[in-house]
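Should a chain be cited, it is by its letter among A, B, C and D, assigned in written order, with residues numbered from 1 in that chain.
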Amino acid sequence: MQMHSLAFDVSHTLAGGLVLISFMMLYQDRLYSLLNVFALHAVVLSLSVAWQAFVQDAPHLYITAIIALVFKAIVIPVALHRIVKQLGIHRDIEAAVGIGPTMLAGMALVALSMVLMLRVTADADPLAREDLAFALSVVLLGLLVMVTRRNAVSQVVGFMSLENGLVLAATGAKGMPLVVEISVAFSILIAFIVIGIFLFRIRERFDSVDVSALDDFRGERR
Amino acid sequence: MSAHSFDAVAAVLLIPIGSAALLAALPGYRLTARLNVVASLATFLAALSVFVIDRPPPGPYMLIDDLNIVFIVLNTFVGFTTSIFSASYIAHELETGRLTPVYLRFYHAMYQTMMFGMNLAFVSNNIGLMWVAVELATLTTVLMVGIYRTHAALEAAWKYFILGSVGIAFALFGTILVYMAARPVVGEGQDGMIWTLLIEHAARFDPALLNVAFIFLFLGYGTKVGLAPLHAWLPDAHAEGPTPISAVLSGLLLNVALYALLRFKILMAANPAAIAPGPLMVTMGLVSLVFAAFMLYRRRDIKRLFAYSSIEHMGIIVFAFGMGGPLANFAGLLHMVMHSLTKSAIFYAVGHISQIKGTQRINRIRGLTVTHPALGWGFVVGVVAIAGLPPLGIFMSEFLVVSSTFARQPLLAIVLVFGLLLAFGALTLRLTSVAFGEPRGSKASADASYVPMFAHLALVLGAGIYLPPPLVTWFQHVARLLG
Amino acid sequence: MLLVLLLAPLLTGFVRKVKARLLRRQGASIFQPYRDLLRLLRKEVVLAENASWLFRVTPYVTFAAIWVAAALVPTFATGLLFNWTADLIAIVALLGSARFFLALAGMDVGTSFGGIGSSREVMIAALAEPAMLLIVFCMALVAGSTQLSTVANFMASSYVGLRVSLGMAVIALIMVALAENARIPVDNPATHLELTMVHEAMVLEYSGRHLAMIEFGAFLKLLLYVSLIACVFLPWKIAVFGTGALSYAVGAAAYIVKLAAAGFFLALFETATAKMRVFRVPQFLGAALMLGLLGTLLLFVSRSF
Amino acid sequence: MPPVVLQMACIAGLLGLAVLAIILSRSKAATAVVYGATLALSAIALTGAIRWLLGDTTKPGDLVLPIGLPWLGAHFRLDALAGFFLVVVNLGGAAASLYGLGYGRHDHAPYRVLPFFPAFLAGMNLVVLADDAFSYLLCWEFMSLASWALVMAHHREAGNARAGYVYLVMASFGTLALLLAFGLLAGPAGDYGFAAIRATQHTPYTATLVLILMLLGAGSKAGLVPLHVWLPLAHPAAPSHVSALMSGVMTKVAIYGFIRVIFDLLGQPGWPASAVVLFLGGITAAMGILYAMMERDLKRLLAYSTIENVGIIFTSLGLAMAFQANGQKLAAALAFTAALFHVLNHSFFKSLLFFGAGAVLTATGERDMDRLGGLIHRMPLTSFVVLVGCVAISALPPFNGFVSEWLIFQAVLQSPELPQWALKIMVPAIGALLALAAALAAACFVKAYGVAFLGRPRSVAAETAGEVDRFSLAAMFILAALCLLAGILPGLVIDALSPVAMQILGSRMPIQVNEPWLSIVPIAESRSSYNGLLVMVFITISASLAVYFIHRFASHALRRGPAWGCGFSDPTPAAQYSGGSFAQPIRRVFGTLAFHARDHVEMPAPGDIRPARLRIELHDLIWEGMYEPIAAAVGLSSEKLNRLQFLTIRRYLSLVFATLVTLLLVLAIWS
């Protein structure tokens, strides 16, 4: 099973890389660099998806890989760059929680996801299992990004890295029906249409998309 | 005959989506509004037809069983009545110019799309498909919440969208995990997502995986059910959107998410090694109930008030299902149906009220029973019903929940009763101030159709006194199904 | 019944006489009360403008109620024909209704004095009644009845013996009696100094025959209480129902003696003590209440051994 | 037609009437039609109930309707207990309807009263008949709801909204308590039928819990201290004939609930329970009447005195429980009968008094005693019947109030037979408390009557008052007559009550009709006996004798002159004794303890022409010590939680995130 172990190693590396990049996202304090890191994230994702497609020789996964590459690695970062420029958001991200604690929390989360996933009995093949573990940690890290960053763009980025985690999991699941990939793409599309609409509308009314500027109303006035 | 019945299912799906396309194309709000009503009625009839003709065998995508018939019929019915209400409501919105015909077209199209999404979620036998449907419904409602494009509306929609999509992500992750758990047993591909197959083999799934999956699903769909502390989107979405949408959100969308939750609860229950979903649901239910009850006291916006009361009732329902057992499950189902009917009725009333008074601020509305007797007393009856007073339906379900719980888990019942009393106090406090006292605000007569409101209230009243035996046996069967 | 009618003023007269004598005064004859009544009867009635029918009815009602009550208390012989009509509680209640109407009458004319009188009267009554009930309870516990004849019979029968609790009860009863009859130290029947009077203030507006009725009622009440104490706590020589005429005679004689003694002691007490402030009355009656309760409890103890 | 069916038919009629009333509520004739119909219906129901009670009640009539809980159906059962309370309910209902025929005409918004009045009556009837937990609670809460609507009838007047709110919350609190009690009784299987509950043997734990819950549930409806706070707010707020129903009848329905569950369903809770009930009853009686004494609003005063009477009834029930627990059947029957008798009596005179208050309200538009006075001249008939009511409620012979209290005292006198020392010592003290309550009640009604009806008018309204319409008078006179009858012929009533005692306790008081001269003998004649009739006769005889002699021999001369008043005739009616000043001695005695009462005299400085003022400061310690803190706590916590409404999206996300992580951690640790 040379082949298999190789497959295992490669996918393992890629997934691990994904987690690593998520960590990198955690300590970005410049908006542009965050976007770049995210682009990298997407690239690695698409690589791993492609690798999965090759291993499971499931051609439809290549589509997913391409979608990931095109949309997440190229289109969106560029778009967000634009937005940042147009709206003249000042470039650095104010973090709600300091970098250090964030990193520690990230570690803890990864550990947690490992603990949870390695419980899974091995009859689900190790490949899937490892993948799941990484996917879970990527999801959690993405969420962490959303939680610890103050402005909307970085939150959107966090959300998308979260979805990358999902894609990783989905592709890791052998023979998962097409439904899911479509739905993933579909949800991403919708997400971006809607976000686009919102940025546009919000643009109409405020000059920043900083969510906390949105939040000054917060339901009822005190 | 299965051909016919499949037609019924198809009709439930095709009518809305078709009419959605049509509505998107057609100009002129009178026509579209009428068409909207007609389409909803047609859907409702199609749903009813499921009773008379025998059911199709569960296919790879579609499934009709006792459980989801309850939901489908309820859904289509409330959808229908709401469309009637929305016709008169939207007309007024046009006059006041809060909506332009363009947005209106969009509105009606979205309305039908949403109905489609919800029905799809109900009939789908495939957890992936169900997920897609739920998300479709959610996203459409997001757009409709933002339709007024006011500062507040956009913000509410944005909040709804962000929190909603996190929920989406969780639910999807959970779904994937379920598939992973199912794959070694059921086999790869399509089958790994067909609910009927899953439930058959659930006993042999990997419990650890299933546990994680359930937590994600619970949080994912729980976000849409509006369980505290995942509820944050709910009050604002209810308050800032058009009132018909608030009615649909409270009356239907929450049920959709709840339905998904129940499906997976059954799945979990089928696996002895996995954690019992009960305690989780009970805890979250109680938390939501008590939390919402406290929140009710400080509300100044009438729609937000009832949004929180929706959270409270969802808490009760989830609690009931969490307790399990024939009585509690029966109560939960009954409570869900009653809540949908009552709450939408209340929102109809509130819609007209806020249109007449031109505000949603509670302290600007006084003495409704003096100025608008029909509307005022309808509102009173609605609130009395939602507060759980007899002889209205919710009393029966609350009676069953509390009494059956107290015999089994006295402490839980105490907490439950405490929450109920709190919420009751808050609601009646507002009720007395809104419905009675010296009238305040405009006394303009309402050109509104009270038919939907009073229809719902009549149903609730009837159910509180007399439940037809077939309905009962059916509910009891479903209750057993829920374990 | 007639007997009590005849005796009542005599007792009062006697008390007054003794008091006078104790104060080294000549004092009016002991038949003075009869004369007073007759005089009042002959006088015309002066009625305030806005006195209502209630005001005019009250004297008769009060008088009747007290009379009936008095008639139900065995004087020198037990087993009166009708004393199963009402037991001690009922008698107390009858007095209560008398007081109720008097108090109303006090309010009727709408002068502030009437108000003072009524309000103080009801306050005293409110405190006196619980004490009374406890005394009744104590007695009933000993005699196993609230039926006066039965009680008297039981007490007359030798084997009662002397009991602490009974002692307490009798003291309490005397205190209550003082309060109820508006005697010193609770109230002073002789005074007309506004701030101190209770009963007199209440009947201030009455005159002529009405006043006569009320006065007469007061006499009766005094007699009632005295004979109550007599028959319950010192039932010596009281004639048991159905025994011969001789025992009746003896009983009658004994009764007269008892009355005289009681009257004497009352007078003595009244001259010896001073009237207390109205708001010390609660303590006074509270003491009575405590005594009653204590008596009852002690009774439990003594019974249990 | 079997009795139970007859009753249900009447109830159905009432409900139908309610719907009809909604339809024609705006029309002129509505008032006459509705009250006429309710009068007829409750009269029919009343006769039916009486015939049932006097007939053979050993075979209760059952009726099951296919409504309510689907798998159970709605059970209705007419037994002796239900029969008796039906009498109470429908008697009150009939009287109130008759009164309403006249009183309702003055109502400015009849459409807020008419639909709910029959519904309220129907609700009370249904509660009494219901025979399974669900229908019982349903009807119970329906009753509360209808009465709430009636309380809100005059929703524009200040304070009524608050009254209605407090009432509704307390009512639902009570209902939830009952709900828990029934949940406990029904058990996990959930067999809610009373028959099933009766059949099962309950553990002491269950019994204790149920007793507590019943005291909370039924007690809050009946007005046990400290759950009474809603009562003096809500009862006066309603239209007077409704107040009469709420005070005179609805509290009795609550007592019915207590009897039904504790005595009938639960069986015997044991003597400590009885001690609790006794204690609560005594406290309630004393506190209630003290509150009443301090009150200057006529209807509120009546409401408080209702609390007192409820206390008396509960005390007597507690005695019955104590005796029953020790197997002293006869004494138990005595106490129980006394309780029922008092229930009946109180429904008589309390309705009567509320009618009177309503009459005063219609005549003068005033409820504040200190603005009334001298009405006895302007409304002689009303003031006569009200006087009867006052005498009756003050427990004075020869009226009915005295008889029931006399019976209770007789029961108290039985207490030495009790084996438990706690009870031995407690009962006399409670008895003294009752005596105190009785005396204070007399004082209180001297005050009420004296200030409102006697003296000189204190306001123009009181001066220009006129007699009320004949319907109201008829209703009041009927009740007054009933008070007298029940007072002088108690034996008949006691015998009529015996089947109830038989059913509940399995024992009864000795038959009274055979006693000579219709006197009543609870235990034995040697112990105690009372004859209302003879007392009545004697009093009349001696009074008439006195009158005869006086008018035979004394002078008839009579002169009207100014009031003497020790030569100081008051300048103005305002100088009369007012309610507050009348209560002053008692306030001085009890007030400082019970209300932290303070009198502040504001003396103007010499040369200052301001009048000196006396300000009386009273504290409702229960309200301030118990309810306000609760309200404050709720307010505070909701304020704290309310911050969650104003978070940023990011914080909300962190909430979600936190929840997720916690759950995952739980999972990681737990499984």
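Going forward, contacts are C-beta pairs under 8 Å (C-beta built on N, C-alpha and C of every residue); 3 or more make two chains touch, one makes a residue touch a chain.
Please read these numbers as outputs of a predicted model, since none were measured by experiment.
Between A-B and A-D, more contacting C-beta pairs join the chains of A-B.
Using the average of C-alpha coordinates as each chain's centre, C ends up farthest from chain A.
For the pair chain A and chain B, the distance between C-alpha centroids works out to 31 Å. Inter-chain centre distance (chain A to chain D, centres taken as mean C-alpha positions): 69 Å.
We define each chain's centre as the mean of its Cα atoms; on that basis chain B and chain D are separated by 44 Å. Taking each chain's centre as the average of its CA atoms, chain A and chain C sit 99 Å apart. Among the residues of chain A, those touching two or more other chains are numbered 116, 119, 143, 146, 155, 211, 214-215, 218-220. Counting partner chains per residue, chain C shows two or more touched chains at no residue at all.
In chain D, the residues that reach two or more other chains under the touch definition are 645, 647, 649, 653, 660, 664, 667, 671. Inter-chain contacts, as defined above, occur between A-B, A-D, B-D, C-D.
Across the complex, chain B is touched by residues 66-71, 133-134, 137-138, 141-142, 145, 152, 155-156, 161, 164-165, 168-169, 172-173, 176, 179-180, 182-184, 186-188, 190, 192, 634-635, 637-639, 641-642, 644-645, 647, 649, 652-653, 655-656, 658-660, 663-664, 667, 670-671 of chain D. For chain A in complex with chain B, the touching residues are 116-117, 119-121, 123-124, 128, 132, 135-136, 139, 143, 146, 155, 159, 162-163, 165-166, 169-170, 173-177, 179-180, 183-184, 186-187, 190-191, 194-195, 198, 201-202, 205, 211, 214-215, 217-220. Considering their complex, residues 645-650, 653-654, 657, 660-661, 664-665, 667-668, 671 of chain D touch chain A. Listed in rising order, the residues of chain A touching chain D in the complex are 96, 109, 112-113, 115-116, 119, 140, 143-144, 146-147, 149-150, 155, 211-212, 214-215, 218-220, 222.
On the side of chain D, the complex with chain C involves touching residues 373-374, 376-377, 380, 387, 391, 394-397, 402, 406, 409-410, 412-413, 416, 421, 424-425, 428-429, 431-436, 438-440, 442-443, 446-447, 449-451, 454-456, 517, 519, 525-531, 534-535, 538-540, 542-543, 546-547, 550, 553-555, 557-566, 569-570, 573, 575-577, 581-586, 588-589.
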